[in-house]
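You will see chain A twice below: alongside chain B first, and alongside chain C after that.
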Partner chain A sequence: MLKFNDISLRNKLILMQVFTSVVVFGIVFGVFIITDANSYKQRKVDSMVSIAKVLGTNSISSIQFQDPESATQMLQELQTVSPEIIRSEITNKEGQVFASYSKAGTETFSIPQILHGKSYSFVAQQLFVSNPIKSNNEVIGNVYLQVTLTELQRIKQYKYELAFILLLVALVFSFLIAVLVQGYLSTRLLNLVNVVRKIRKTGEITKAVEDKGKDEIATLIQAFNKLMDEIRENQKKKDEFIGIASHELKTPLTSIKGYVEMLNMLEQDPQKKQFVKKALNNINKLESLVKDLLDVSKIQSGQLQLEMKEFNIDELLNETVNASQMVSETHRIVKQDSPVNEMIYGDRQRIEQVLLNLLSNAIKYSPGENTVILETEKTEKELIIKIRDYGIGVAPEEQTNIFERFYRSNKVAVHISGFGLGLYICRDIINRHSGRIWVESAGKGSVFNFSLPLKHSPIQQIHA
Partner chain B sequence: MNKILVVDDDVDILSLVETILSMNNFDVQAISRWEDIYTKMDEFKPNLVLLDVMLGGADGRDICKNLHLDNKTRNIPVVLFSANPEMGKYIKECMAQDFVPKPFDISNLLKTVKTYVN
Partner chain C sequence: MVAGSLTGTISAQNAQQEANLKAAFIYNFTKYIDWGSYNRDSLFIIGVAGDSPIMQSLNAIAAADRINNKRVIVKSINTGADIADCDLIFISNKCRMSLNYILSKTRPGVLTVSEQPGFAEAGTALNFVVVNNRLKFEANLKAISAAGLKAGSQLLKLAIIVD
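Moving on to the complex of A and B:
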């Protein structure tokens, strides 16, 4: 069910405004109809009382001369003049009916009993009126009238219909006004929301939200802009820091690595050469760690930029398999022998980074084994690259977490070193190529898969 | 013998690269002051320039551009090297031939250098 909270701000504002207008109009019309009906009733009472008075005055002689015929005739004539009077009665001093006339089908019951001594009363859509007949200040009888109020019903019916139509008109107008007015409020808020969404999506803090108002929304937007300025400033400082740190860390590392590599080349003594090799291995580890940390900083600040170009994926796969094979003394890296024959649109260097990372993980997390297999699978829309090892595997509950920053599998944290950055970087790179990355593992061994979209462009042979 | 001019403000890296290249039979001159590069180009007439990007006071990319605007040095290939891997993106813009990220593998450095002189 749609909850009020889930409706967009724009629609909420429209709904509230329309609802308010309808309620206000409803109340106004209600009051109008009720007061109108009351004043109609009061007028009816006044006119019927005057008719009763006239009737009384005119029937004094009939009562005094005991001439009910003339009184009845008068009542009959009254009926033709005022058809709404459906029954009229004249009683004498003792309360006995002296003359009466009623329209056919009118129920005959005692009007005095209904009135209970009051001069008028409304009962069942009818008005009952009584008026004493006085002669020389002495009550000599009473006039009773029973008046039907079908007229009132008709008027009420008409007013209800009118009110209903007006209410519909009001509904339409308030809706139109609401749409116009909410535009002013919600457009400004939506501007803000759109910028927030864009920042969330791209991670880039670009321009400030423009707003000319001076209300609460303006305060909110100003505060947001100020916050974004601060973030931008901090990001700039951070980027400068990363740039400096990158340079300052890598410059001595370059010297160390170069000189140790030289030592490695020149050293003849086997034991010393062994030491130098160990040092060199660790320098390489340190180097890739520094690279990973810098990549993570770039991802975090949305600065990891891809250089998208078409490249031959088969060439890249062969190169990376060969490069990984060169550094591995323990494992054989087997590439499935069918070429993909596709061009991939992407950042070749970054895809290479992902492949090297997954291959080195496969080697690292399958100690005691000797094979890592690289397979490819082509579907209509994507190329899936699979890196299979027969190592320790990934527990089902860890299969999504391992792609998070600084996450390290419980199984390996103790005895295999690492920082938990590689897969996080891989995921970011693959996601930014509109691909997917995931792991399949059932106990022993695991398959790391990633997909890249295929465009099916003709193959271009690149000759170096 | 092919002549290579190496420019880097870090003297250790400078002598490292100088040693590597000398051992591989290149005639090498190494300078740590970027201001000297233009006179060295005239005197030494290198076949290749290996140029650091962050030179402390100057940007290797600008120097590279200047070398390509000068008729005398226009055809001498320049290979940039830097600890900032992003600099690789600027080789076209500043008309350099190639880029070597720091830290480098000796084999990788030699391979790149040999691509442009021999």
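Moving on to the complex of A and C:
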């Protein structure tokens, strides 16, 4: 069932306005019809009482001189003048019928019994009226009239139809007005909502939301803009900090690495050499972290430059597989499929960075397994490279988030070190090559895919 | 109101009941007759010619009701002179005087009521007749206006008009 809260703000505003006007018009028309019917009834009562009075006055002498024929004739004539009077009766002082006339087909029942002493009464769409006949302040009889109110039914019917049509017209108008007016409120709110949605989707804080109003919505928008300004400012500071920090870290690190490498070459004592090697390993890890930070900083500030040129992809794939294999003591890295035999136009070093990153991730996130598979798939327009592992996989709700900056999976039971920048850098590099990067994972194991556009250039000689 | 309590047919009634009905009619006639400038004194005098049971009926009305807001006196007419101070005279079928004699003695301002066929044509203002066993009355418009009286339309619409 549709809940009121599920309806969009725009439709809610329209619905409320239309509902309000329907209720108001409904009440107005209802009152209008009731008042109209009542005033018609009152007028009918007044006119029938007048007729009864005239009849009474004119039948005084007939009663006094015991001449029912003349009274009957009068009632008969009345019928031709007022056809709505379907029965008329004159009784004498004792309540006996002195003269009466009724239209053919009229049910005869005692009017005095219906009236119960009242001067008029509405029963079953009929009006009953009685009026005493007085002569010298002495009641000498009564006039009774039975009147059909078919005209009232007709009038009511007409008024109902009219009210219904007017209600429909009002409905259409209030809908149109609501559609026009709601925009004034909802457009501004929806504008804000759209901006929020966009920010949530892209993570990019765009320009301030514009609004000229001075009401609560304007306050909300101003607060939102201010908040966004602060966030943007903080982000900028953070990016600046990362840039400066990574630069400042890199310089001494390079120097440390140089000296430790030298020490590694010079050291002969196996015990000491082992310590030096461990130190060098960690220096390399630290260096790659600092490099990642530097890359992110470059990406953020738009300083990441690609050196585009054509290179042989098979060469690169073999190199990276071998390099990764040398580092890994636990996993075997298998390259499947025949050579691609294609030249790729791109930054060889950066593509290598992506491959190494994905391969090292595949090894990191599949502890206890022993195989990582690299596959290629060639289509008309692009080359797809797939790195498959049999590890812990990626939950469906995380599959888009893992490419964000500093995203660290909180679903992963095993602790894996890193800043969570690798995939972010990979995505940026691949996007700059007009390619796509995505992950496929169903529970156990995952496949990281990236595509590169193919130009189908002739293969150059493999350099030695 | 007396007439209302009586039934309309007269065939099954005895003479007294008929007299009561006629007396009630006479009483009701007075409500529709305008005496104009006549009948200025404080009494309304009804004269009855002939020994009729209507005397008793009229006396009963005189005791109970007023005519034109005046006390009602009922008296018997035996000679032409008795007519002089009457406002209404009833010429019963027992009357021994001739109609012409009575009419000749009647001055303007007196309503003449009779109860024999042809009397209205002969000159009385109102005359009782029985039609289809019902008591009706004839009205002679010339006689009424000659007497200087005015009859109401509600009365005349029920009357059988004669010349």
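A few comments on the model shown:
Convention: the second predicted complex is superposed on the first by the 295 of 464 C-alpha atoms of A that agree within 3 Å, B and C clash if a C-alpha of one lies under 4 Å from a C-alpha of the other, contacts with A are read in each partner's own complex, and residues count from 1 in each chain.
FYI, a contact is a pair of C-beta atoms (placed from the backbone, for glycine too) under 8 Å apart; a residue touches a chain by one contact, two chains touch by 3 or more.
As the structure is a prediction and not an experimental result, all values here were calculated from the model.
By the touch criterion defined above, A:I140 reaches chain C but does not reach chain B. By the touch criterion defined above, A:S100 lies against neither chain B nor chain C after alignment on the C-alpha atoms of chain A. Of the two partner chains placed by superposition, only chain B is touched by A:E261; chain C is not. When the two complexes are overlaid on their common chain A, residue A:Q235 makes contact with neither chain B nor chain C. Of the two partner chains, chain C is the only one that A:N92 touches; chain B does not reach it. Shared interface residues of chain A (contacting chain B in one complex, chain C in the other): none. Contacts from chain B toward chain A in the complex involve residues 10, 12-13, 16-17, 19-20, 54, 83-85, 89, 102-106. Taken together, the chain A residues at the contact with chain B in this complex read 243, 246-247, 249-259, 261-262, 265, 283, 287, 291, 307.
Residue ranges on chain C touching chain A, taken from their complex, read 1, 3-6, 8, 21, 25, 28, 31-32, 134-137, 152, 154-155, 157-158. Every residue of chain A that touches chain C in the complex is listed here, in rising order: 58, 60-68, 70, 92-94, 135-136, 138, 140-141.
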